[in-house]
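The following pair of complexes shares a single chain, subunit A, combined with subunit B in the former and subunit C in the latter.
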Partner chain A sequence: MIAVLRTIAIKEFRDGLRNQWVIAITAVFALLAVGLAYFGPAASGTVGFASLATTIVSLASLAVFLIPLIALLLAYDTVVGEQEQGTLLLLFSYPIGRTELLLGKFAGHALIMTVATVVGFGTAAVLIATFTHELGSLELWREFGYFIVSATLLGWVFIAIAYVISVSVAEKSTAAGLALGVWFVSVIVFDLGLLGVLVATRGAVGTLGREVFPYLLLLNPTDVFRVANLVGFEPARNYAGLVGIAAGGALSLGALSAALVAWVAAPLALAVWRFGRKEI
Partner chain B sequence: MTALLKIDGLHKRYGEVRALADVTLDLPPGEVWGLLGHNGAGKTTLMKLALGILHPSAGRVEILGAAPRGRSGRIVRRAVGYLPEAAAFYGELSGREVLRYFQRLKDADPRQVEELLVEVDLAAAADRRVKTYSKGMRQRLGLAQALLGHPRLLLLDEPTVGLDPIATQRFYRTVRRHAAGGATVLLSSHVLPGIERHVDRVAILGGGRLLAAGTLEELRAAARLPVVIRLRGVRPGNGLDRFADRADITVQESAEGVEITAPAEHKLAVLRAAMGLPGLADVSVAPATLDEIYGRFVAAGGEAVT
Partner chain C sequence: MSMALSVRGLTKTYANGHRALKGVDLDVAQGDFFALLGPNGAGKTTLIGIISSLVNKTSGKVWIFGKDIDTEFADARTHIGLVPQEFNFPVFEPVIEVVVNQAGYYGMDRRRAFARAETVLQQLGLWAKRRTTSRNLSGGMKRRLMIARALMHEPDLLILDEPTAGVDIELRRSMWDFLRRINADGTTIILTTHYLEEAESLCRNIAIIDEGVLVENTGMKQLLNRLDTETFVLDLARPLDAPPPIGGHTVRLIDETTLEVEIHKREGINGVFCRLTELGIEVVSMRNKANRLEQLFVDLVNGGGRARDVR
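Let's look at the complex of A and B:
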């Protein structure tokens, strides 16, 4: 069981190396981080490396758009693509379980996102910290470590969501459309909707809103990531925007991490269940 | 001998569409079976059910005495090799990488990869990407993949589509070698000419029902199709008159002699009579071809259905 899972995971990861996904995502993450750190202070009239703490804030607000998109693009065709080229039928004829097959693929894709996040953001962080003489700040590395862990989890969340799409449709183009739809809803529409509710129920915000709002944000994994990274840092308070409402402290970092993990596990379980019942 | 693949009262419906209806078939070890039928006759569905990829609506499938689904499925599928119709494989991988991947998934002996590459004549192209392969090479890679782990049962779905005659011959030779080693082979085809030389028995599917199954001789007898006897150099009339007034025998003049169409059981009587005819230069006997037998059963099946 484990041997089969590993074989499939290794193949997915090698595919990621072969088609340049790993190197491309890593490079995008690293350039993004370094670029933001260097050009971030441009608004105040200068360029030059901003502190790592400030960079994390702007990085998090960009990662919220970028990571889900990359994860969805990486994984949306994993099952439906094999179905179209006929290899899924072949794999089903092998002495392997469908759960192993899907979990093996997940392990491979998750590893791609993990390597890209850790190596991409990590090298950028070391570079930035060298220029800003912050290398020695343990507190800062703890915060950046949390950013990397949560960014990785965010990637896993959208890989799992992409799997739900991939096992549910019969054509790659349908899967691509749905993946973009999911991305659009989770990074834009959901927040707009919440904002609308907030404005429309202005009277209630002061009382009920403070209680309920943080929990509504848990319904969207990108908001969980945003909250976790923005409200945790002192310099972030000014940029936090909508999610700043959750800054009241209703949600601890532990709770937010647990929410991200749940957002990985639930779609993955749904995908495994649907895959097990799939007839082709 | 006990059946290696046992299919018992198998039904499969997709919603309102009936894909298979009451198919019962036993395949003993060491035989090569041809599964014949039009496109949509249920050949692929039958194979998917045998592999446990699909759930039967009713009836049972057993391979080596166990069901291909559920708990026993994994063990059963270890003993099965499958070549799906028009499998594309992973174009970015080399032939060797594809085989290695499947070898690991099947937990087969790694050394078998190199043996199979030689056996299907892909050793020279083993490091090329599969997307550069010709149709025939891809099909051979597919066969190699199906042979991993020395399966007891080989299910080959339209394996020779797109292959040239030489490649087809070689393909069947490899299949035959494995059948000689004790494997049971079920290969589907909608291309009939030539297949009879490569299979021991045929099963004919039509509209999801099993229309006939057996050796070619058995089916020929059951179909009650006439043989055609050609006598070169013979003129109609003299000596053949005694057949001319029989309803089941027709005598026709052809360019080189006469052509006698007679029921198979009168073949020897006609030949005996022909031997003494003046001018006889050559005799040829053409039994009903697989095409004709197939056509007969499909037509009869169609009548029975409507």
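Let's look at the complex of A and C:
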């Protein structure tokens, strides 16, 4: 089973290398991080590398849009694309189980996101730390390390969600539409909806809302990621909108990390389950 | 005798109501070189699709080396190597990756897979092209890559669906030699082809399927022995105006220097030449008109009505 999983994962990763996904995502992440760090202070009338802490908060806000989109685009056609090409049937004629196939593909896609995140953001971090003379700051490396880990997990979450879409539809175009819909809801509509509910029920904010609100954010993986990256940066919470409230609240870094892992596991399990019952 | 493939009561009805297979029973012995023939749309590809788990059957049972494809599917699939008609490898992958990945799908670790790849690619004359992207191979090389890929996990049963379609004669013959060699080494081979001389030359046993039913399943020799007549084409040194009278034989003048003579198996060909010599007709060359199997095939399949489907 391991040899089969490894073969599928390596093939998926090599496909990512061959069609330039890995390089493109890595470059986007590195440019984004360096650009944000350099041009971030422009509002105050100057440019140049700001501190790593400020950069991480800005990055978290931007990565929340970019990483889910990239992950969804990377993986939305994983199953339905192969089905349309006819190669899925061929794979089924080999002694490969459906679970093995999906997990192998997930490992390959997850590796693409991991390499891109670690290399892209990591390179930028080294560059920024060098210019800001913070190379020796262990605390900042810990924070940036967590940012990279959580960004990777966020990518995995949306790969798993893309799999659920990919095993549930019959056409690639439908999968693409649904993937964009999921992205739009999770990065924009969910927060707006939550804000609307809070405003509409302002009488309850002081009692029920204040306790329930942080947990409602757990329903959206992008908010979990944002909150997790704000927990360690108190001054930035004021600028972080809704999630800033939750970041100062009851959710610990451990709980938020566990929530992200659960957000990877649950859709992946759902995708495996649905794939096992799919008529090809 | 141990069977490489056993099929019992196999039926397939597609969603549109088309009955592609109507209760097929078939046995292929271990070590056999077996031809599965039939006109277009007869059910060959459906039958191969079910055997190799590409198509779901409606009813019936299939065993590969005694393994039920329903209950022991992983074991059953491990025994099969399939060479489909269409190229279906990833075109942007180098040759070596295509074959090594294939081995990995069957659980072979990469070190062993690379060693096996070298052997198979050497045998098929593709080793020098191992780093070439698959889409840059010639048509013949792509055909050989399909065979190499199917052989990577050392299958006991190799199924080839028209492996030489569109391949030039030189390459076709080298592929025949290769297939004969691996069959002699113990691999059971099932071949579908439209080139009937290919089936006649390679296969020991034959099944002919038409409209979802096996209309023949016998030894190649037994089948060919059923032929009563053979037709010869004679190229003449000088033109003729009309077919010459050769007693007891049907003679046709195809063009002014080409004569077609039908000869019964019981009679020798010498009599024809004696008579032609008496008439002063000089023959410069002679060949068998049609492949013998082709004649039988046409007879068996709808009384010749589908001859147009056979190349």
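The rule we apply is simple: the second predicted complex is superposed on the first by the 278 of 280 C-alpha atoms of A that agree within 3 Å, B and C clash if a C-alpha of one lies under 4 Å from a C-alpha of the other, contacts with A are read in each partner's own complex, and residues count from 1 in each chain.
What we mean here is this: a residue touches a chain if its C-beta (ideal position, glycine included) is under 8 Å from a C-beta of that chain, and two chains touch if they have at least 3 such contacts.
A quick note: this is a predicted structure, and the numbers were derived from the prediction, not measured.
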If subunit A is used to align the two complexes, do subunit B and subunit C fit next to each other or clash?
-> clash
Using the touch definition from the top, say if A:R18 reaches subunit B (first), subunit C (second), both or neither.
-> both
After superposition on the shared chain, which partner residues are touched by A:V4: those of subunit B (first), subunit C (second), both, or neither?
-> both
Between subunit B (first) and subunit C (second), which does A:L90 come into contact with in this model arrangement: first, second, both, or neither?
-> both
In the superposed model, where does subunit B crash into subunit C, at 61-69, 223-231, 259-267 or 295-303?
-> 61-69
Which subunit A residues are contacted by subunit C in one complex and by subunit B in the other?
-> 3-4, 7-8, 11, 15, 18-19, 86-87, 89-97
How about subunit C: which of its residues touch subunit A in the complex?
-> 52-54, 73-75, 77-78, 80, 82, 84, 88, 90, 92-93, 97, 101, 103-110
Give every residue of subunit B touching subunit A within the complex, in rising order.
-> 48, 51, 53-55, 73-75, 77-78, 80, 82, 84-92, 101-102, 104-107, 145, 155
Touch list for subunit A against partner subunit C, complex = 1, 3-4, 6-8, 10-11, 14-15, 18-19, 86-87, 89-97
Considering the complex alone, what residue numbers of subunit A touch subunit B?
-> 3-4, 7-8, 11, 15, 18-19, 85-87, 89-97, 279-280
